[in-house]
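Structure first, then comments.
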């Protein structure tokens, strides 16, 4: 018997006042897999992520995390079960330093009800490891609001990694980045430990084909194709609705 | 409770509700357009009453006061918005805090200028008597308040539904940012909105003065009641102010008769229940979390 | 600020009645300082919400007032003036009330939180005002016995002063401790980005509720101290005016700092007590000062000074 998929979604529906943002999404992502979700704007990618992280309840359908039904659980409970998300629009603690942003993620596991001292040197050292991994060494004491756009994306990733997740959702990790920054962050993602399962929504097809083991194509809230990058590239329907245009652009 | 008493209390409740509508309409308008809960609303109301007192002392005419006081208050609002609130555009919570300070200043200057004693405003001529309704004497001024509020509501609805200004307001309540994208001068619109809101508070102050008197602390009572009304009815809409006033006025009046000990707490309990269950109020359509 | 200076300042405050005898009007000044200290505790408790956790409560007087009433009623009904009993009653009542009100309020944010807390505080005010049998109604509750601690009396002004300042020291220490702790930083995280905190696995509502209860309990302590200081409690102690006062103190002094609320309490009380006997429009002055800070120096006195200091050092 094979192990349960890291993340399994079955018949997920979500509508907003008559509009079906998700119209029956099912997918199973194996442990350690890199799965890309692609599709045109409005295909339901961000809604899917919002449902997966519990920020929006699904209208119907189930979500399983490592075999356990987690449908309808609160965002914080899902996070505690090993689900982390790198937001598309940065969600940082603006007046805090880069180091403290990461430290808050690190401290989450032990809970907030501790009157012991925060900002210890041990904690800083631990946080700095993550900052260095994403290429923010030397920026530890810069405030989040003072970082450049690229640096903010890096910090966003460092926070997600500091949660020590089992499943990581990356919502357009390279959005708004320069080619050099894009190259470095996609290299970084590629080098992440294979025990980590990754779902990635991304518009940059180079990044998608480089990183993904498998690709799911969403269109109008429905998966219309799924397969290896080579299979998806060869799919005529996918080319019609999305890829052709995306690759030309 | 005898039928007589019920009729009398019902009339009291309706006339109190009528006053609350005048009071809450301005608060609601400002919130609807600007997303600001104007905590100086009670101070505006109080200032309206004192300006009316002054006008009556000079001219001896209530009917002049009922015109002058709202105009003076509108002028005050028209100055305060660009002078203070505009500097914090977009920072709604800070704007709310700002209005607290504005209220402090207005109330204290009133005390300085007019003194801190209880004052009275005589009933206007023609409405200083009582008539017989269902076997008991009933002051005609309260009937005037009801009629006046109905007339005002009708006028406001007409402006709201039929005029260009009303169209702007309806659009602004839905989405004020959209208006500025469409090229509407929002600075001017907000100044006018705040002026009209303050003017309505001043009008409520004049109308209330003969029945409720003029005294320190009236600002707090007015503020709290108008907050209750708009929260119950729904912040930011005319319907909400009307519905809230129609509910809270009689509820307060009958509550006082039926549960004298806990009438006030009862009203706040109603408000809390509505805020919790339906945070946008009975008729509200605003976004939560701002 | 250097810890040594803080300790020195605190000791000077604690011993004020002992060394100020030669100064003219020192007894009056002791009273003023005592009341400033009570208000400083009250402001510090609100700042836990406003400054740290970003919860703009406009109903904090509910807990100040309930603490004051609880201390007064406990000492009357239980016929004891023992500090441990009456203070415990104040803390228990205000914390329990904060738990109930907090449970209902922490879902809301921003202006809605502000209005919900205001609504509930007005309910408490209404109960204090109308439940005459227990609270004395609009007349208030007078002649409250000052507490005893073991065998120590606090009926003498100096003794009560010392009690107030010692409690103030303990509360300040607690807030300082919290501000350095994981708990304090988590509150700041909620203030800055509650959504992100949830995504990190924090149960933010529970966290906010805990801060609300703690702040309520500390406000209850301040209320009890005020009941003993003035030997009088009235519904106004739970009213909107008292709630606004705390907010003004926090904002003028500087939200989210330890020193800010203390300084703010000093400024507000100075205007309320000292300035008001000199000029007849002290509340208008307070209003103008408040407006000026909201408009131009939202970080308050302490926050602005700190920012200026950083600029100078560069």
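A, B and C are the chain letters, set down in written order, and residue numbers restart from 1 in every chain.
In the analysis below, contacts are C-beta pairs under 8 Å (C-beta built on N, C-alpha and C of every residue); 3 or more make two chains touch, one makes a residue touch a chain.
As the structure is a prediction and not an experimental result, all values here were calculated from the model.
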item: Co-neighbours of subunit C and subunit B - touch as defined; value: none
item: Maximum inter-chain contact count - chain pair; value: B-C
item: Rounded Å distance, subunit B centre to subunit C centre (Cα mean); value: 32
item: Subunit A-subunit B separation of Cα centroids, rounded to whole Å; value: 50
item: Intercentroid distance (Cα basis), subunit C paired with subunit A, Å; value: 43
item: Subunit C contact footprint on subunit A (complex, rising order); value: 53, 55, 74-77, 79-80, 84-85, 87, 91-96, 100, 103-105, 107-110, 112-119, 159, 163
item: Interfacial residue positions of subunit C with respect to subunit A in the complex; value: 177-178, 180-189, 192-193, 195-204, 207, 210
item: Residue numbers on subunit B that touch subunit C, as the complex places them; value: 35, 37, 84, 87-88, 92-94, 96-98, 100-109, 111-112, 220, 223-224, 227-228, 231, 260-265, 267-269, 271-272, 275-276, 279, 288-290
item: Parts of subunit C lying in touch with subunit B, wherever the complex brings them together; value: 56, 104, 107-112, 114-116, 118-120, 122-123, 125-127, 129-132, 239-241, 244, 247-248, 251, 280-284, 286-291, 294-295, 298
